[in-house]
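Take this structure, written in structure tokens, and hold onto it; I'll ask about it next.
Naming follows writing order (A, B, C and D), and every chain is counted from residue 1.
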Amino acid sequence: MTTIGFVGLGNMGGHMARNLVAAGHTLKVYDLVDQLNESIDGASPQTSGAEAARDVGVFISMLPAGKHVADLYLEAGGVVDSCRADTLLIDCSTIDPETARRVSEAAAAKGMSMLDAPVSGGTTGARAGSLTFIVGGPARALERAHSILDSMGHNIFHAGKSGAGQIAKICNNMLLAVHMTGTAEALALGIANGLDPTVLSDIMRRSSGGNWSLDNYNPYPGVMAGVPAASKYADGFLVDLMTKDLGLAMAAAQASQSSVPMGALANNLYRVHQQLHHAGQLDFSSIQLLFAPELKSE
Amino acid sequence: MTTIGFVGLGNMGGHMARNLVAAGHTLKVYDLVDQLNESIDGASPQTSGAEAARDVGVFISMLPAGKHVADLYLEAGGVVDSCRADTLLIDCSTIDPETARRVSEAAAAKGMSMLDAPVSGGTTGARAGSLTFIVGGPARALERAHSILDSMGHNIFHAGKSGAGQIAKICNNMLLAVHMTGTAEALALGIANGLDPTVLSDIMRRSSGGNWSLDNYNPYPGVMAGVPAASKYADGFLVDLMTKDLGLAMAAAQASQSSVPMGALANNLYRVHQQLHHAGQLDFSSIQLLFAPELKSE
Amino acid sequence: MTTIGFVGLGNMGGHMARNLVAAGHTLKVYDLVDQLNESIDGASPQTSGAEAARDVGVFISMLPAGKHVADLYLEAGGVVDSCRADTLLIDCSTIDPETARRVSEAAAAKGMSMLDAPVSGGTTGARAGSLTFIVGGPARALERAHSILDSMGHNIFHAGKSGAGQIAKICNNMLLAVHMTGTAEALALGIANGLDPTVLSDIMRRSSGGNWSLDNYNPYPGVMAGVPAASKYADGFLVDLMTKDLGLAMAAAQASQSSVPMGALANNLYRVHQQLHHAGQLDFSSIQLLFAPELKSE
Amino acid sequence: MTTIGFVGLGNMGGHMARNLVAAGHTLKVYDLVDQLNESIDGASPQTSGAEAARDVGVFISMLPAGKHVADLYLEAGGVVDSCRADTLLIDCSTIDPETARRVSEAAAAKGMSMLDAPVSGGTTGARAGSLTFIVGGPARALERAHSILDSMGHNIFHAGKSGAGQIAKICNNMLLAVHMTGTAEALALGIANGLDPTVLSDIMRRSSGGNWSLDNYNPYPGVMAGVPAASKYADGFLVDLMTKDLGLAMAAAQASQSSVPMGALANNLYRVHQQLHHAGQLDFSSIQLLFAPELKSE
């Protein structure tokens, strides 16, 4: 078993840390929010991120945005300055690829290996230990990380070198937003023309319109049980988080002069929805509300 | 076995008629293009659509657009005037739902049952007898049609009452255009940021970005064998046909005051592609060319 | 002065007919809605469109859609069958260019000249006699029409041959929808970042962002007096009419395989707005509500 | 006359500095590119930005992006550290509003006044001294700046407090991109349907479609003399600069959770155009090429 430093004990990180403790690892944990430091039974609370990184085999972070990651790792006396050269660094935050690359270069300059390993699966996956990791960084570092990541998730993809985990996650989530929005408007078009949403969903799911949203996460209420659409879009993958990820996708497109018209439109439709319906804390499949006025009055 | 009238012996209809002959049915066939009338071995050529419809158990049409269907069935001395009240009418054309409904109502007024049964699967599916039928009309009529349709295809979906087959096909193909375009731009964004298209495709396919395009029809050359992208987008489901179907979707949305922003954008991106790249006769996955300038020089 | 047949006495046509009477012309009028036939003082009510077209120097129609125009002019015993060869036909309806061309060809086949002359200016312009006419058809016919049109409006543009009036109006209104929507979102972006809408409007109006919406029809409440935004978007050019015109633009684009991505997006944003806000009877500058959530609670 | 420090002597800044010298001011100039330092006759070259800022009444910068501005002003020993408290700081760069605010706050903390004063008018306007300034910052500082700015431009707008100049310019240019793109597609739609671009332009310009592009900068070749469309879109306001400004608009929208669907679509259409046509160094009205395939073969 390994001694692991873990920084960021929020909605996602808390569950991930607990799963690591449950797997038998020794954890040194830290969060800027004081009361969270005591929230992981069996872990040893620290007074700073740098403290949590000192003398550990693996160091893991789970933070909201690129600037938090840059501060944690790069500031004077931060993680890169404080940990041993043989510590494996794993950042599980979803952030801009540029920061991911910059931090991993700074780590490499001191001899450390670093992985960017953003996750999907949400708080449900974090609690259940069934997250998906999309990883960028050296293959050998990923080998070392495998058993640790296995304690927190099932699927581990190697996307490429440093930053590639972030890029792949951004691309995936942009595509998710596109087919979810497209699915919602296709269902609304069918319904407005007299079709039953369950029948239409079934036809499209088994035809060339098929996609993950139709298979696992139908946005129209009444078609599937156990999805957010079945409970007024409560919880799930929040609109606020989807728009955060779409913002990262748009920034990556801008930086690489890529055109992403469908992703950009989905992003802006989510913004309209977020503002008009105060929908930031609803599941992202609630984009259905933008197209199905009959749902508004319910 | 049944005596079947069949009108429309083009790229699709020709194969379908041959499969019906091969299944042992007796065929009376007709096409406006003279030489096509002799193209179905074992079928008996007629001098008009009305002739083909006379004294048959089932009458099938496969035509380019709503106006052809309306003319064939509705004009004085046309199919509705000429066939027996117990003839089952099946229109396999992809047309506007309004015309589909209008024709089936005229047929019903004379006591006949009619199905709108647009297909997917393209010329490959038509030849192989593996088409998908998306059917609108009375359930009892579909029961009667089942054994006939089975000679031409594998999957038969019942979408609802008259016109519902057209609506469901339109919705499905609009969603297909959305996720294909979204997939193409997500791949291009990943590639522009250093990712390998095969690795990225595999990650998204197995994650929440998953969709039919990624599973069966990857638009980026080199990722999949046996798809149009592997042979310079030759054949397949042509851009000219995709834009035709998207035009039907837009018209249906306009008629029902539905908003379909993602479908409309996909439609217009296909138009840009069609014109700038003279791409009408390329497979629809060639939309990749709009996002991946590196492919243009190959 | 001229004897004029006039069919279509609704919101627009009623005012137009009254202005023709006021200018001293002799009017024979007809509307499908019985009570409207008595609504034009000084005009002589007829029992059908064909009656109104009989023995007149000029025949004018103002109808909701292409199918009404086609029926009026083309059906057996209709206007084209009933009027003299020297009658000048003027259709002021906003309809699809294809119908406009088809009707004028039928008229030409009987030796008559016909103009398509859709208007802009709304009911306000119709009442005040200050409409704009965008005219398609032979230049010589337009010369004959000039003094008649002058009684109803100020600006008369000759767009080209038959159907060109419809095309030009469609293009203009699509562009109007684009810059109105763009203006609304630019204002909202500025306001969300602390700018005053009046200051920002003034800067953009006098800079390269300048457009008709900013000059005459500011969509943000409080910036201009006397515009629909100043009175909760009541009256004006209704969203229902803008989406009708945008539908014609989309159909024309589809028929000519043109790409109109910005127009199509504006169209779909208007549809979202129309449905979510039950906005069909609001002025089209109310699209501002889609972007400025602070206005919703007022 | 005033002693002015001026940093950034590129395509824009060089002309601006020369106009200040011509107006009789004493200039201390600096650029990172060595040879540019000698390019302003009558100005005194310096060895660093901080040197240029020492002991001047006014300090002006004209740099490519936010990071250059932040470095120049904020790094240890930079401009804010080096200049007198009574120096008026004017940044004419087009950058993100956040950096503009951050720098002006740092300046204010040392008692200095600062304006963000991005320009429009391009190199032509810079050379001719006819730029437009859109200014954010204290009104009193703008009063002090007026006579200086007058030497470089004609129109001076006060948009609001610090950062407001950047916001207003971003909003204006986003709206410009929207109506230019909309104009290009409206013209293409008309032409594809038989209209003459000059006739259609004239009609729309004088109707509700009117906008700055139609008035001053028609994108279709042959309609106007003296515009970039008349000379194969050479020079003018480059696509590379328009996409830079649109990128700033998208980032501002993301930061304020604003929806800007029309601006985002224009941005992405410019990206498609930039990549497919290698159009970065063409004038931005060349977006016409995306919609008018007939122009490609010329």
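Assume contacts are C-beta pairs under 8 Å (C-beta built on N, C-alpha and C of every residue); 3 or more make two chains touch, one makes a residue touch a chain.
Predicted model only: the values in this text are computed from it and were never measured.
Q: Which chains, if any, touch subunit A and subunit B both?
A: Common contact partners of subunit A and subunit B, which must touch each of the two, are C, D.
Q: Taking each chain's centre as the mean of its CA atoms, which one is most distant from subunit C?
A: Relative to subunit C, the chain with the farthest C-alpha centre is A.
Q: Which chain pair is joined by more contacting C-beta pairs, B-C or A-C?
A: When the contacts at A-C and B-C are counted, B-C has more.
Q: Of the pairs given as B-D, A-D or A-B, which one copies C-D, with over half of its contacts the same by residue number?
A: Checking each pair in B-D, A-D or A-B, only one repeats C-D, namely A-B.
Q: Indicate the whole-number Å distance between the mean C-alpha point of subunit B and the mean C-alpha point of subunit C.
A: 37
Q: Nearest whole angstrom, what separates the Cα centre of subunit A from the Cα centre of subunit C?
A: 50
Q: Do you know which subunit C residues sit against two or more other chains?
A: In subunit C, residues 253, 257-261, 265, 269, 272, 275, 290-291 touch at least two other chains, as defined above.
Q: Per the contact definition, I'd like the list of subunit B residues that touch subunit D in the complex.
A: The contact residues of subunit B facing subunit D are 261, 265, 272, 275-276, 290-291, 293, 296.
Q: Looking at the complex, which residues from subunit B come into contact with subunit A?
A: Per the touch definition, subunit B meets subunit A at residues 97, 120, 132, 134, 155, 157-161, 163-164, 167-168, 170-176, 178-179, 181-183, 185-190, 192-196, 199-200, 202-204, 206-212, 215-217, 249, 252-253, 256-263, 265-266, 269, 290-291.
Q: Please give the residue numbers of subunit A that touch subunit D in the complex, ascending.
A: Residue positions touching the partner: 243, 247, 250-251, 253-254, 257-261, 264-265, 267-269, 271-272, 274-275.
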